[in-house]
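Written below as structure tokens is the structure these notes are about.
Note that the chains are named A, B and C in the order they appear, and that numbering of residues resets to 1 at the start of each chain.
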Amino acid sequence: MNATSDRPKVGLFVTCLVDLFRPVVGFAAVKLIEDAGCQVDVPMAQTCCGQPAYNSGDRADTRAIAENTIRAFEGFDYVVAPSGSCAGMLKKHYPALFKGDPAWEARAKAFSAKVHELVSFLVDVRGMDRVTAANAGAVTYHDSCSGLRELGIKGQPRALLSSMAGTEIREMRDPDVCCGFGGTFCVKYPDISNATVEQKTGCIEASGAKTLLAGDLGCLMNMAGKLKRQGSRVEARHVAEVLAGMTDTAPIGGKG
Amino acid sequence: MSPRDAIMTNIRGALAAGGSDEARRKAVEARLSRPPKGVIPARGQLDDEARVELFCEMARRVTASVVRVRSHDRVPKAVSEYLRAKNLPSSIRIGDDRRLKSMPWDKFGSLEVRRGPSDGFDETGVSHALAGIAETGTVALASGKDNPTTINFLPEHHIVVVDAKDISGDLESVMGRVRKKFGKGEMPRTLNLITGPSRSGDIEQKIILGAHGPRAVHVIVVG
Amino acid sequence: MQITSPAFKQNARHALDDAQLQKALGNVRGGFIDKRQKAVDALPEFDALRDSARDIKNHTLENLDLYLEAYEKQVTAAGGHVHWAETAADARRIVLDICRMTNARTVTKGKSMITEEIELNDFLEAAGIQPIETDLGEYIIQLRGEHPSHIIAPAVHVNKEQVEADFRRVHNHLAPDRDLTEPETLLDEARRILRAKYFEADVGITGANFLVAETGSSIIVTNEGNGDLTQLLPRVHVVLASIEKIVPTLNDASQILRVLARSATGQDMSVYTTLSTGPKRNGDPDGPEQYHVILLDNGRSSMLGTEFQEMLRCIRCGACMNHCPVYHAIGGHAYGWVYPGPMGAVLTPALIGIDKGGHLPNASTFCGRCEAVCPMKIPLPKMMRHWREKEFERGLNPATQRYGLGIWAWFARRPWAYNLATSLGIPVLGMLGGRNRRFSWLPLAGGWTRHRDLPAPDSRTFRQQWRERDAIKQGALS
């Protein structure tokens, strides 16, 4: 046990979509964080980051959820989430929620300072520059909006993918343009969301890649759902699955 | 309450939290009397010759044509060469600008020089610019009888003479020259900053020259 | 103009089905973005200038009353007249008074979103005065009886074939064999028609991109030159501008000009940047005899000191809509009032009320591209969220949405309930996902499954599996 005591303690913020829809992403994240020399635990008191309430204007519920999250992760050196969107919520928006609150502001800031999105944590914080997995074939990477614009995630996943033998990144046109998911947006305005995801799947198909990767399960479910509906053969996976070499499970939305 | 007072009352009510009035007044007066320069792009901060060259290059990029001549005496020749090359009638419109008036136009006997503001029937107008701005290839023209503003907009071709020594690196420097020339807080009726010929992209976002103003801008740099 | 923002969803559906519009919107997705990027890349100081521009406007807004006073003093000193208008109706009445005083029959207009906001054209026409739009795009949509669908490219929703048809309908002198198939020939025709109008007009009305307190100047930024002819040839020049257009000095205007054209059209500088100060001077051979400025509030001062104050930094460059996936999908008219896109999603509810404009701040994926390109660094998504909070506080969002959110939040606040519900529910859903691992239909998920399949969950949640793994590990250790 002593071998682990000097390793940083990472609390994995699973995110509700990974927890409910795609557990393999969580296990891939655990493997990658351990490979980066950390010990990982998953506090059971976590639920959701609160973003659906926050973006619906429901501040009271958001705060209550945020307090729960902050409490759940207070013993860790880092909090890591396999999602740019949830990590963005924890890192960038929690402090704003508690602004001016003497009891909570400092706590929220201390919490946010420890939060990282998974791939940027591996590369920027832990200095990882290669992974042992290989042979992902022709992949294309979609930059999810929050990760890209709130947390500056762009080069990190591409750097790790480039380190994989037998893997080729085929950039799609406009990889940094929104896929039309937008959380509750995609069910509140399904027609507009559909027009946007159609643009995106067109770019994905045109890239010639076999596999679509991204760092956010919400966007991936949206794009995969559209690709499937269109009868596309492109398979969608969370980037962590590929980086961890955990691609035995069926791709998002199933095979074929 | 007058509309003015109502608006002001609203604004002051909304700004109540923003510090004492005395401190605000001081800050405003300071800014108005000594305008800070802000961020000045390095692009135009060059020595004299490089600055003039940058001006010419930037003007060409916005599809103006540019020639350089050594002295004011050479301007009429450059103008008549432009007219001939473009197959334009040998006629120009100029204002009362002393520098333009004293040029040897009569050396080109066939050239008709019409004076005063443009009436809308001139193919070609010639103006003397107050200044040039190297960072963007812009010319600055002040209204008045010397260089009537109609000459800048009504003719199909606008020839602008600018002295090399009047070309500044950046826009703020030209604003400084305007303050110096007209007095602090004073302005000519119009100051036109012109960057290339008129254009529109309003139909299918395709850029076409010659929307409502001149179809072509020809710049003659003197010196 | 009639406000159709409450029917945003139907408007959007209509826009998505409009083949002409969809073709035209391809021009927005293409040109604007690349041109802006090139111009930005060529200026290393661009980001520093954005900070500078933001700071200038923040300072101005904090001292708006004082700068307005200074501006008014300078306009008056230059021989101009300043009029103050609290509401759209006040501004319209002032314009009409000026027109009546000068016996105006026709009025030329430079491109101005403020005159759209106060619905000036209909008003003048009703009063027997003919307004003529002179910006090519504005002219086209005036012929079509439409409103701008973009704040800097008003006719971006129209294709050239439609322009030809409009010209043939209205310009009845046109020979049938006259070639009007290309933008070049169409522009020539418009230029010829409008040139005569500038000379006929009694009053020219323009907006303003900036009002400079230091000198009392109004600044317009254009490419066509129509705004200049509009203010140069008639006897009277009227500037209509909202109060937040003020900047302190010529230097401040210069700083913001550097980010304006680059953000709007990807030009380093627009073709015409024109500073106008008062009527023509003694001895001037051209220029208007009268110079009037109408300073319009129309709700701006009520935004000061609120979470929407930063919106008053907006310089109307259009970069936010040029980069918006929602605008790309549906164009500007679907937003249902004057200002479309992200800036409209924040400004419109402030000006027409959140009860009418509520859809607009909701119809955003929060992708953040608007904020990333905004030259004034306006946090547009944050302000859209503020509007959602206002809506939520007032109970204005749909009951189904509140109900669904309420149930979800109840569980999310209670980890034990959340764990229980998900550990029971997910296996069922996972089983229903079948061999394909996806749903093409699911009750209560119609918004999703109408257009795409829903990937099915595994048979157990991550946390169920993690706990089991942990238990096995513990067992092995003991």
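Just so we're on the same page, a contact is a pair of C-beta atoms (placed from the backbone, for glycine too) under 8 Å apart; a residue touches a chain by one contact, two chains touch by 3 or more.
Note that the coordinates shown come from a computational prediction; the quantities given were computed from them, not determined experimentally.
Asker: Spelling it out: a chain qualifies if it touches chain A and also touches chain C; which chains qualify?
Answerer: none
Asker: Name the chain with the Cα centroid closest to the overall protein Cα centroid.
Answerer: C
Asker: With chain centres taken as the means of their Cα atoms, state the distance from chain A to chain C in Å.
Answerer: From the centre of chain A to the centre of chain C is 32 Å.
Asker: Report the inter-chain centroid distance for chain B and chain C in whole angstrom, where each centroid is the mean of the CA atoms.
Answerer: 29
Asker: Per the centroid of Cα atoms for each chain, what is the distance between chain A and chain B, given in Å?
Answerer: About 52 Å, centre to centre.
Asker: Enumerate the contact residues on chain C facing chain B in the complex.
Answerer: 24, 27-28, 30-32, 43-45, 48-49, 51-52, 56, 59, 62-68, 70, 74, 77-78, 84-86, 90, 134-137, 140, 153-156, 158-160, 163, 183-184, 186-187, 191, 194-195, 199, 213-217, 223-226, 228-229, 232-233, 243, 248-252, 254-255, 257-258, 265, 267-281, 283-287, 295, 297, 301-302, 304-306
Asker: Could you list, by residue number, the parts of chain B that touch chain C in their complex?
Answerer: Per the stated touch rule, the residues are 2-4, 6-8, 10-19, 24-25, 27-28, 31-32, 35-43, 58, 62, 95, 116-117, 120, 135-136, 138, 143-145, 148-150, 152-154, 170-172, 175, 178-179, 185-206, 208, 210-214.
Asker: Under the stated contact criterion, what part of chain C meets chain A in this complex?
Answerer: Those in contact with chain A are residues 9, 12-13, 16, 325-326, 328-330, 362-369, 371-372, 385, 387-393, 397, 401, 405, 408-409, 411-415, 418-419, 422, 426, 433, 435-438, 440, 445, 447-448, 450-458, 460-463, 465-467.
Asker: Touching residues of chain A toward chain C in the complex: what are they?
Answerer: Result: residues 14, 16, 18-27, 42, 44-48, 50, 52-59, 61, 64-65, 68, 72, 145-146, 149-150, 176-178, 180-197, 199, 221-222, 224-226, 228-229, 249-250, 252-256 of chain A touch chain C.
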